[in-house]
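Both complexes below contain chain A, partnered by chain B and then by chain C.
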Partner chain A sequence: MTRQKRSHHRLKRAAAPYLYLSPSLLIIGLLMLLPMVTVIGYSFQNSAVLRRDPSFAGLKHYHAIFADPVFWASLWHTLYFTCMSVIFHMTIGMVFALMLNSDRINPTLRNILRVLYILPWLFTAVIIAVIWRLLLEPNGVVNSVLMQMGIIGSKVEWFSSTATALHAVTFANIWAGYPLFMVSLLAGLQGIPKDFYEAADIDGAKAYQKLIFITIPQLMPIIISISLLDFIWTMQVFPLIWITTGGGPIYSTEVLSTYTYKLAFSSYNLSQASASAVVILLISLGLTLFYIRYQKAR
Partner chain B sequence: MAEVILENICKTYGNNFRAIDQLNLSVEDGEFLILVGPSGCGKSTALRMIAGLEDITSGSLRIGGVDVVDMPPKDRDIAMVFQSYALYPHMTVFENIAFSMRLAGKPKAERKKRVDEIAKTLQLTSLLDSKPANLSGGQRQRVAMGRAMVREPAAFLMDEPLSNLDAKLRVQMRAEITSLQKQLGVTTIYVTHDQIEAMTMGDRVAVLKGGVLQQVDTPKRLYESPVNAFVAGFIGSPSMNLFEATLTGDELMSGTFAIRLQEAAFVRRPGLRSFAGRKVVFGIRPEDLYDSSLESGRKYQTIPAKVTSIEELGSEHIVHLNIDAVRVDSGDPDAVDDFGLASNAVARFEPISAVHSGSEIRLALDDAKFHFFDPETHLAI
Partner chain C sequence: MMFRIQPAMLKIAAAAWLLGATGAMADTTLEFTQWWEPELPAGSLRAIMNDFEAENPGIKVTLVSGPYATTRDQISVGAATGTLSDVVGLDGAWVNNLNAQNALADMNPMMDASEFDQTQVADIIKVDGKAVMFPVASFVYPVFVNMDLAAQAGVTKLPSTRAEFLEAAKKMTHADKNQYGWVLPLSLQTPSGVQNDLMSWVWASGQSMMADGKPALEGKPVVDMLTFVKSLNDAGVISPGIATKTEQEKVEEFVNDRVGMMIDSLAHVNLIRKRNPKLNFDLIPVPVVENYNGKRGLPYASWGIGISAASKHQEEAWKLVQYLMSEKVNAKLVTLANAFPGNVNAKPDFVTSDKAFAKAFEIFKTGYLANEFTGLPVAEDLMTQFDVEAQKMLAGEQSPEEAAANAQKGWMAKF
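== the complex of A and B ==
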């Protein structure tokens, strides 16, 4: 083989992986990177999109949103909504997974429960929002049951009261999201060798000790991975809140996604909306980097 | 330390499959007993019943004089070494060994002292902070032993603990476990399907087949005086050659050859005469068959045989042969591997033997070493 032919062959070999990747890189570039960069650009412009020749605004829009108390309320609501959702997704998912993995439950019942427990996952956010709006209506089933049980004295306006609205949307999101944890943890539980529990039985471990010393440490990689992913996804939840409360009443359920949406499409302040979107992007990016680092460390 | 006594132990599963049938076994205080048998014979089930990991359908089990049938595993005062070692991957070697003490709420200082002692015995001191994933197979095996030792149990139960190791390490660990057991003097029940482990490690060996105990004896007696054709075929590698022949007077007749039996064979086995004129199963171990060209001095009887293949192992030749006789199946599923499709006998020749594949030879046999079995019941005569 001549030297020219050899270097041509080497070049082809080096280029091959990039050629294989090029279609997906092109799509990601067009559909993700381009809009992201454009939005970042908008956040530094005055009257972005609305004017043909927008002027450079520097950090003006960032100053504006950081000075806006609604932004801080939204950030707090987002954190509350996300943290509570992730914690309860994990707890409920774990309890149900342990239940479905237990030999003590009749296999037929176990199969029925498995289908029932996974149901919320099959619904889209819009359907979940509609279901919970109907259930939590002042004249809805929840109020009627709670009143009959004597837990509440009068009808509660779950989505319309500033005291309960954030808890109500969080509750609906918890209901909708635990199956992901349940399914992942169940798969993890089924992968824990039986020998571990038998060895612990011989060593005299009680049920709670087996949970603490064997089950949870064995599931830890799944718990951390799914929690981080759930955190990233829940932070960006929009349709559930938009359809149930629209961020209200009086901003009590305003989260970063609804805050940004309103800035963009209610106030047509696309520059400030872009700045708010960049803040969401930075928080998500931080969590994603954390997730990637964790995955690499494993 | 304690004796372990199993009386009429039975295990029947939900589908009426009887895994263990009327198992009677007495393991003395400090004894090293091996439970051996082919796959699916019930040896692991028996061990798991002693550990309390499987319910006992009927029968009595006493450890140290205490009836433990209804006791949970933790109260039986036993420790178990699993085939997979069952080491917790998220814990260090120290934490793994100290786990039972931690569960029992023993103070940290006491835990450390005891684990250090054990680590010293097992040469694990430098590895106490390592995780199991960073250990070699042999080291993991020792940690599993340490975890069992830390509890100072009345009995050790070991379920094929060497089966995950490579051949060389297995030999080393065999010796280590044997000497450790002697040093500690703890009653040990050890399950294996490897009859080399069975023969080299235990004080006594219990052979199981299909959930039924066949024979319990010292390795030497098991080898020399098997009670039936199954034990004869199972113990020894390669397996004993078993053939069908007709006993006519003092001769064993099979196909084109006849072997004259010495008077001593009948004196040792008075029952053998009653098989005169009938079929009988005779067995001979591969090391009692010789290349006649090397054995002219010993005046053994010879029979014709055709060499089908040879495995040259350096120290000996394993020679696969075909002789004019009907081979008898001992009932050991693993024994089939010793015979090829074209051969029905295996001999162990000295490496100076010049026989080669395809050659017709005269096979010398030491008829004083014959074993005889009833063709109907397969029991030793």
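== the complex of A and C ==
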């Protein structure tokens, strides 16, 4: 084999992996990187999309959104909505998973509960929003039941009052999202060797001690992974909030996604909307990097 | 094996190519983007286009149809990229933005060149002196009254003034039975409640929210309207859940006998009848301030039409606009849409055959169309801002004067 042929062969071998990867890279480039880069570009332009010759705006749009009190309110609401959702998804998911994994519950009842508990996961965000709007409307079932039980004295406008709206949408999101934790933790629970619990029994450990010293440490990798993913996904929730409250009343349920949407499609300020979208991207990116580092460390 | 092409086949192919090529050269194809086709009976808009094509040999029309919101986004992007369809369906709330992008053609020269009779159209929407839109079909917003609830409450004379409206609403309200006098949808998701359910009170009394082309929200008309709405809220006659209530929910509450009165689009008459065939309702104009005897402004939403500035076939596009605005065709189109005509001489069939529509047509003829959001910059954003301030007022966080002043400040920034 001549030197030229050998070099050609080496080149072909080196290029082969990239050729195999090229369809995926092309799709990622077209569907993910290109839109992302375009939006970043828009955030530095005046009258992006709306003008054929947009001028360079520098950081003007970032200054504008950082100077807007509604943006900071949206950020705070997003953090509250996300943190509360993740904490309660995890807690409820854990309780239900332990229940479904328990031998003390009748197997038939367990199967029925398994189906019931997973139901919220089967509904789309729009259906969930409509269900909760109907349940929580002033003349809805929830008010009627609470009034009959004497818990509230008059009708509460759950989604229409600034005092309750954010809690109400967070509650609806908690209801919609716990099954992910439940299913993941149930799978984790079924993977914990029985020997650990038998050894603990011999040592005279109580149920809560087994939970704290065996179950939770064994589930910790799943808890952290799912919590991070849930945090990233919940931060970007849009349809549930949009359909239930539209970001109102006043700005009490405005989150970053609804704030960005209004900038884009109500104000037609696509440059500022892009800047806001880039802020969401940066927050999500930070969390994603944290998630990747955690996965690598494992 | 040798493949031999028959001379006859060659001749047929050449003839077909020639026919196609000449056809393509002779025909002008107009693209017409709108959201009307899905809202009309299936095939009816296409049939009107077929009639137009038959009357105008050499012009073909391609309909680009979609839901309202999709069409709005499509038109915004088309305006930015210079790919706007030749003829576009327009909402009055969009025209200012589109005009700022130089996306709409001025129809003044076209009207002059074709000696178009401008007195035959109900309105011509102008921005910076440019005629950019004609309302083809208008959906007016009268007050719907549940006559059974009114009778039970002892309301014998339907309200004509704001004071009478408040009294009637009080009589119809029985909160213990989930029954209220009025319904006000101020959801931020679709802030059109500001236009249809709040500002309509201002326009009905022949007043305005503008002065010299600028917002005048701190003026007496708007402050009085806010004070009036606050008095309705304080009296507890408005159905609860105002801040998140949508137009659909408003209609549902009316249909289910839960509210006595609502301001709503005439386009919903058939829907209301379908949802509750037993509902006994009547239509009245929006009540006015005391001692007002002038013509009443009637809030409306419209299907507007305009021509793209980038169109290479503006002459043909103008022919289509003229065709849709002509007396007979306009009457046919608005009959299909249950709307009021853009051509003042057109008389839709339903106004003679249907009692409710006949009443509404009377209200329409004795008043005038009023929607000051038409042609304003970022109209939806302005509504959202006003909506937020109105919500704050109804929540007791500010007075009507403060709400008006804050909204004025926000609006001025957009002008």
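Simple rule for what comes next: the second predicted complex is superposed on the first by the 296 of 298 C-alpha atoms of A that agree within 3 Å, B and C clash if a C-alpha of one lies under 4 Å from a C-alpha of the other, contacts with A are read in each partner's own complex, and residues count from 1 in each chain.
By definition in this document, contacts are C-beta pairs under 8 Å (C-beta built on N, C-alpha and C of every residue); 3 or more make two chains touch, one makes a residue touch a chain.
A quick note: this is a predicted structure, and the numbers were derived from the prediction, not measured.
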| item | value |
| --- | --- |
| Fit-or-clash call for chain B and chain C when the two complexes are aligned on chain A | fit |
| Which superposed partner A:K262 touches (first chain B, second chain C, both, neither) | second |
| From chain A, separation angle of chain B and chain C (C-alpha centres, steps of 10 degrees) | 150 |
| Contacts of A:R51 with chain B and chain C, given as first, second, both or neither | second |
| Partner chain(s) touched by A:F213 [first = chain B, second = chain C, both, neither] | first |
| Touched partner set for A:E137, first chain B, second chain C, both or neither | second |
| Per-residue contact with chain A, leading partner among chain C and chain B | C |
| Which of chain B and chain C A:S160 touches, first, second, both or neither | second |
| Touching partner for A:P249 - first (chain B), second (chain C), both, neither | second |
| First, second, both or neither for A:E198, with chain B first and chain C second | first |
| Which superposed partner A:P239 touches (first chain B, second chain C, both, neither) | neither |
| Overlay on shared chain A, then closest C-alpha pair between chain B and chain C (Å) | 50 |
| Overlap of chain C and chain B interfaces on chain A (superposed complexes) | none |
| Contact footprint of chain B on chain A as seen in their complex | 193, 195-196, 198-205, 209, 213-214, 217-218, 220 |
| Residues of chain B defined as touching chain A within the complex | 51-53, 72-74, 78-80, 82-84, 86, 88-91, 99-100, 103-104, 147, 151 |
| Chain C-facing residues of chain A, complex | 49-52, 133, 137-139, 155, 157, 159-162, 165, 242-251, 262, 265-268 |
| Residue ranges of chain C in contact with chain A within the complex | 73, 76-77, 79-82, 97, 101, 178, 187-191, 240-245, 258, 378, 380-381, 384, 387-388, 391-392, 395, 397 |
